[in-house]
Amino acid sequence: MFSVTVRDHMMIAHSFQGEVFGPAQRLHGATFVVDATFRRPDLDDDGIVVDIGRATEQLRAVLGELTYRNLDDEPAFAGLNTTTEVLARTVADRLVQRIEAGDLGVGARGLTGITVTLHESHIAWASYDRAL
Amino acid sequence: MFSVTVRDHMMIAHSFQGEVFGPAQRLHGATFVVDATFRRPDLDDDGIVVDIGRATEQLRAVLGELTYRNLDDEPAFAGLNTTTEVLARTVADRLVQRIEAGDLGVGARGLTGITVTLHESHIAWASYDRAL
Amino acid sequence: MFSVTVRDHMMIAHSFQGEVFGPAQRLHGATFVVDATFRRPDLDDDGIVVDIGRATEQLRAVLGELTYRNLDDEPAFAGLNTTTEVLARTVADRLVQRIEAGDLGVGARGLTGITVTLHESHIAWASYDRAL
Amino acid sequence: MFSVTVRDHMMIAHSFQGEVFGPAQRLHGATFVVDATFRRPDLDDDGIVVDIGRATEQLRAVLGELTYRNLDDEPAFAGLNTTTEVLARTVADRLVQRIEAGDLGVGARGLTGITVTLHESHIAWASYDRAL
Amino acid sequence: MFSVTVRDHMMIAHSFQGEVFGPAQRLHGATFVVDATFRRPDLDDDGIVVDIGRATEQLRAVLGELTYRNLDDEPAFAGLNTTTEVLARTVADRLVQRIEAGDLGVGARGLTGITVTLHESHIAWASYDRAL
Amino acid sequence: MFSVTVRDHMMIAHSFQGEVFGPAQRLHGATFVVDATFRRPDLDDDGIVVDIGRATEQLRAVLGELTYRNLDDEPAFAGLNTTTEVLARTVADRLVQRIEAGDLGVGARGLTGITVTLHESHIAWASYDRAL
């Protein structure tokens, strides 16, 4: 199995509902350093998993919809806690939509899996992994 | 599949038995930067894999039983080489005991796997991965 | 010259005033990974720059006054942009107050300088350096 | 499952064929920081996955065949794009040949899998994973 | 003293003249992860050292003149070894030219120093530091 | 001013005398990731600060005198706490002795300063800086 990973980041504000979150129930924020990993069992004719330039652009586009925002005000997350885990799934699912729409090129149709990891600090991170 | 990882560290002395270890047969030591990864297929009602505060506390408690010690003197490791691999398994198994004892909360009962990685330097690390 | 550095982090929300900030004028947030460096020309009788346990506690205390908050609502920053640079100075100045109050121990009176670095992402950070 | 990873690096020149590569069609170069991960379900009698000293030596030997070279001139890669993905597979396959030749010791016969990750920058890396 | 640092990278081919360089006399390459640090004693009216967006853009522009090239063919380096040290100075000097040309904005006129660090691997880097 | 830094590591056991050290008064250990920085105002005729190959070898030699040992048993440290700060000075001073003995080559005579940083964990490190 082959994989390629690209890294970018976003900077958001949010708050959480639920006693389990303690002081994180207050409005606060996070930088998420985001790693998007694309997987496939074989390489394409160019010897790559995916066009890394396009992968980088599409990850930037997905994060561009979230960064520099207060996620508490985003309709897409109404009624949801925007935990690191939930945001990892959101970024992964939106990348999959773009792959399926052809935004990563025809070669990206050979992808079989994706993992998105969000680093919220130097001591904590979360991942979401799914098939395509 | 979702995962959450928290990082902490411990600083121990030890020595190894066996020619394969070369100069590491002498009493020496290590800082282990420890990553504990908790996995489950779905999120709980709060949108999380595990209460990250409790996960951090329990990892600290497990490492607190090992850090600032000479592991050659610990009865738990009598007759064992406390290699990075063996210590990764020890930390993972002790975390599982705490999960099963309810120390990470009732939500942690949904966990299906755990991976513990010990970084012994900037150029070497070892992991142990198990199901729950 | 000797120095010791300890690392911790904080997670805050804020917004900026001024066209130079572009989209960061919107309410957003950041994780700041914070490095506090303590300097002195000679070591004390124990062979240290500062009690690293106390340095860690005091850095945590200073960051505890800021983390999990919306800095736009904090009176201490009224009329100020809480840029990474400004926050680095704030953390440094508050650590100096604690050093002068004796919170880092009598040995800390030998300190001659401090540098605080705030990492706002994997590609940007800011520092403030001052004498004691 | 247990794993051990060792890190080293190589510094090579190369160019790519194919419009997808854009400016990387020109002769350029890369530092690849290389992580080689060795896996097995159980530890050997010494409590290890593999002799980490030998693993380090063999990784260095494999990278020594590639580093400080222009890969466009290497017969082994004639007609191939030496992408990060292709080089990850090359390093992994060459390590497997050495394992099978006994270069990592008899204990290495218990290995069941290997993953090689090549970091081409702080924001991009690729992996190849295979069974033994 | 305040500073702000931004990070980017370039990927180049080159070779060195001189026995001291050993195998690096052959055509090879490197990824340089580049940190550009801008310094000034006081903040501007916006509470910043420099417009970080412009600093990022200008660093990218400077690296864009070098990346994806064989530096042995660049007239700017004729007769020079493009060592990590020499390239750090080149990047710093070109950033200073852009600061003096106003490309980082009028606020950048308050800058008093710059440091450029090029990381050539996980175990080696070089810096050049100069006044403005 | 130019500088070049090389990184290596050592793994030692030790204990400390003094109440300030708390649990670190017990025999324990550490991995120190060691960065040695060499400085000079101008480059030599090859365009370098120092022969990086020799610098790496000499750092390895200095660390080879310390690694895989219990520093409590080393005569060189009798009556001294081998704190991170003290060890940073020891490594720096031993590197300077080697520079003065010509072990880094005649070009190294142009060096004017050295800094040694020892990382004891992902959240703590110490440095010693001196002139030559």
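Going in written order, the chains are labelled A, B, C, D, E and F, and every chain counts its residues from 1.
Here is the rule we use: a residue touches a chain if its C-beta (ideal position, glycine included) is under 8 Å from a C-beta of that chain, and two chains touch if they have at least 3 such contacts.
This one's a predicted model, so the numbers in the text were calculated from it and none came from an experiment.
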Quiz item: Given that subunit A is a copy of subunit E, what angle of rotation, in degrees and a multiple of 5, matches their CA positions?
Solution: 180
Quiz item: Which chain lies the greatest distance away from subunit F when centres are computed from Cα atoms alone?
Solution: A
Practice problem: For the copies subunit D and subunit E, give the interface type as same if over half of its residue numbers appear on both sides, and as different if under half do. | Solution: same
Quiz item: Once you find the CA centre of subunit B and the CA centre of subunit D, what distance in Å lies between them?
Solution: 27
Practice problem: Two or more other chains in contact with one residue: find those residues in subunit A. | Solution: 7, 122-123
Self-check item: Touching residues on subunit A, where the partner in the complex is subunit D
Solution: 1-8, 43, 46-49, 51-53, 56, 105, 107
Self-check item: Touch list for subunit D against partner subunit E, complex
Solution: 7, 9, 11-14, 23-24, 26-33, 67-70, 120-123
Exercise. Report the residues of subunit B in contact with subunit D in the complex, numbered from low to high.
Key: 16, 18, 20-22, 80-86, 88-89, 122-130
